[in-house]
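First the structure, then my questions, so here it is.
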Amino acid sequence: MHRLVNASRSLLTSTLHNQSTDMALVEQFDEYRSRMNERILGSDNLIIKRLFNLDTNTYAEGALNSKTKEMIGLACSMVLRCDDCVKYHLGKCHELGVTEAEMQEIFSIATIIGGTIVIPHLRRAVEYWDELQKGTE
Amino acid sequence: MHRLVNASRSLLTSTLHNQSTDMALVEQFDEYRSRMNERILGSDNLIIKRLFNLDTNTYAEGALNSKTKEMIGLACSMVLRCDDCVKYHLGKCHELGVTEAEMQEIFSIATIIGGTIVIPHLRRAVEYWDELQKGTE
Amino acid sequence: MHRLVNASRSLLTSTLHNQSTDMALVEQFDEYRSRMNERILGSDNLIIKRLFNLDTNTYAEGALNSKTKEMIGLACSMVLRCDDCVKYHLGKCHELGVTEAEMQEIFSIATIIGGTIVIPHLRRAVEYWDELQKGTE
Amino acid sequence: MHRLVNASRSLLTSTLHNQSTDMALVEQFDEYRSRMNERILGSDNLIIKRLFNLDTNTYAEGALNSKTKEMIGLACSMVLRCDDCVKYHLGKCHELGVTEAEMQEIFSIATIIGGTIVIPHLRRAVEYWDELQKGTE
Amino acid sequence: MHRLVNASRSLLTSTLHNQSTDMALVEQFDEYRSRMNERILGSDNLIIKRLFNLDTNTYAEGALNSKTKEMIGLACSMVLRCDDCVKYHLGKCHELGVTEAEMQEIFSIATIIGGTIVIPHLRRAVEYWDELQKGTE
Amino acid sequence: MHRLVNASRSLLTSTLHNQSTDMALVEQFDEYRSRMNERILGSDNLIIKRLFNLDTNTYAEGALNSKTKEMIGLACSMVLRCDDCVKYHLGKCHELGVTEAEMQEIFSIATIIGGTIVIPHLRRAVEYWDELQKGTE
């Protein structure tokens, strides 16, 4: 019984692949990402720590603004077909005010460059983007 | 309580990763794909709409028949390691009468070209192909 | 009701993506992999059978020992971003006594070579490695 | 002897892999690309023609300006490690006035995302970018 | 002088990248491939030898005929963007009587699946295919 | 005569791909790599500079020795099909005393993981490895 309850509880926070209610998709992604990043940065791995640090600096305001950089990061993640990377950059684009029309054009560029093989990732990107938009209505 | 019920309901239709009962794998894939394609084609994105259209035309009967084209599409999806693309083309191959013996040879070509890195995708392809075959027994 | 019970039962053994209790992640991976490998090797596909056989021989003791070979296999799986391949080689590395410090260095090499796109796979690798380590405490 | 002398002379001025004098790199790329595109568009392949057309439309001014779109296209080409695609988008970025400082930031994003595996492509991108800049001094 | 002569000798047998006269592209590819395959099969590497052997068997007549298998191999090589693999399968497709119309459809499938990133490889594939066709006129 | 003139003309702009006499392959690679690295590190790009630095540190002696790390780097480069990365790590492996027998096993692992698509890169790796070995006889 205890296991059943545990299972049910974990269900509430689990990633039901391709499914979500309310902001579940976004919250789950953020929770897992934060928890594991903490675990990774907690280990004694200087190379990885510095790479995480470099990664943050890469998207800072510079000759290009952060919004443009995040849009570039998003498109790269789509053509490389990395769903979690796509989610991360979608979140950042959302925060930085990328509009629906701009997002559609990023989707177009990534899908034309990467081909129909990108479409399953486009589906999940659109679903996640919709969740992000709903969260701010 | 409302959330528990929601969670349970979503469970019934959710993709329990790598698991299925009856035709669940196939139905779930089809449902999610249709729903998100509708969402994507409902947005005002002419580039994506035209690419979807081109995609459909690409597999139409021509100098090569649709069956050969779908087999090519399947093998390409396997070497590119795109599970959803593999499922889609497996469905089409099944519809167009690809036999078990033919399918095994496509599996061989894709795995030899793409290497052992393809094997996890081969496992999921075989599982899905078996579901499709069961559905028509 | 029957479906609900079924759903609950499958839940207990299902891969709740990115989640695990106890050794669930490891057991689930092993169970699915064994079951599907059996299914694949049970079909009449000589090419695939021979490739599976070659794959096993590739990691046998030779001029390089198996531990070194499994570490190479792991790093290759990470840069190719194949989660299931990563899990398999993590299991083997664990069996062959790869230490935490050695594993951190493999993680560094793979992430520096493959870039930040590898990080989501690093997260899942670290989670799985932690599960393997817990299992032997 | 005549052949030897000719060959020797050509050596002195030839493109020894990744080498060029004056605008040779740029001119060679443009010449080959134009010639083969003409050949491709001259064949009776409606799918490819339409894809070429879609490709052009994708980078047109819209919610995002063409400069931003070409920068996105460049970064995607770098992480996908396609030297010819990189050259094409570098040419476009040059035409549209991307500055040295902006280009360095695109290089950073692409190399951090794609990892050290991108570096050989970064070398060739920098060489080509330098040629483009020299051409306009 | 010694260096110049050496350089000249290598020139006479060199791969003129993207360039050819008559059947030069095809001959050069075949010569290099044969020479290096011989070198590889001459080393004491049983794994690689068996893989080469498996590779040959994969494309033998079976439930699918060799022509279909080579067309599948070609499309996979294109989406994986491996120019040498593309050349090899183009040669085989040519031998097995793939028509211009069939080839155009394979080109379409591969380019739609793999996206515009495939186009530079399409250019080189078309150039090589033209050389093969010229050789048999 | 006409053919000679044509050939010479194409030579003037040709890329000498995949060919070398004496240590030309190795020298050319080293020269271009050094020159462009200098150019890249000479630009005001802190992100790239730090990544180059991290890259160097990644292969330093640690829980794993440098030889093991370079072998891992080589195998990763092969499965990612990056010829220049392969050459770089082959050079390092040569310096650090990797034997012919060990190298053959790395070649096996990389080719089995990455599939026949790796073979063209294996050919070039073997050619370069042979050049390195000749240089020290």
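The chains carry the letters A, B, C, D, E and F, assigned in the order they are written, with residues numbered from 1 in each.
Please note the rule applied: contacts are C-beta pairs under 8 Å (C-beta built on N, C-alpha and C of every residue); 3 or more make two chains touch, one makes a residue touch a chain.
Nothing here was measured: the structure is a model prediction, and the numbers come from that model.
Chains that count as touching both subunit C and subunit D, per the definition above, are A, B, E, F. With centres computed as the average of Cα coordinates, no chain lies farther from subunit D than C.
Between the Cα centres of subunit D and subunit F there is a gap of 23 Å. Put simply, the C-alpha centre of subunit B and that of subunit F have 38 angstrom between them.
Inter-chain centre distance (subunit B to subunit E, centres taken as mean C-alpha positions): 29 Å. Residue positions of subunit B touching 2 or more other chains, listed in rising order: 11, 16-17, 47, 51, 54-55, 58, 76-77, 79-80, 85, 104, 108, 111-114, 116-117. Judged by the touch criterion defined above, the protein chains are all mutually in contact, each touching every other. Looking at the complex, you find that subunit B touches subunit C at residues 8, 11-12, 16-19, 21, 81, 100, 104, 107-108, 111-112, 116-117, 119-120, 122-124, 126-127, 130. Every residue of subunit D that touches subunit E in the complex is listed here, in rising order: 3-4, 7-8, 10-11, 17, 32-33, 36-37, 39-40, 43-45, 47-48, 51-52, 55, 76-77, 80, 82-85. Those residues of subunit C whose C-beta lies close enough to touch subunit D in the complex are 79, 111-118.
Every residue of subunit E that touches subunit B in the complex is listed here, in rising order: 51, 54-55, 58-59, 62-64, 68-69, 71-73, 75-77, 79-80, 85, 99, 101-102, 104-106, 108-110, 112-114.
Taken in their complex, subunit E has these residues touching subunit C: 46-47, 50-51, 54, 57-58.
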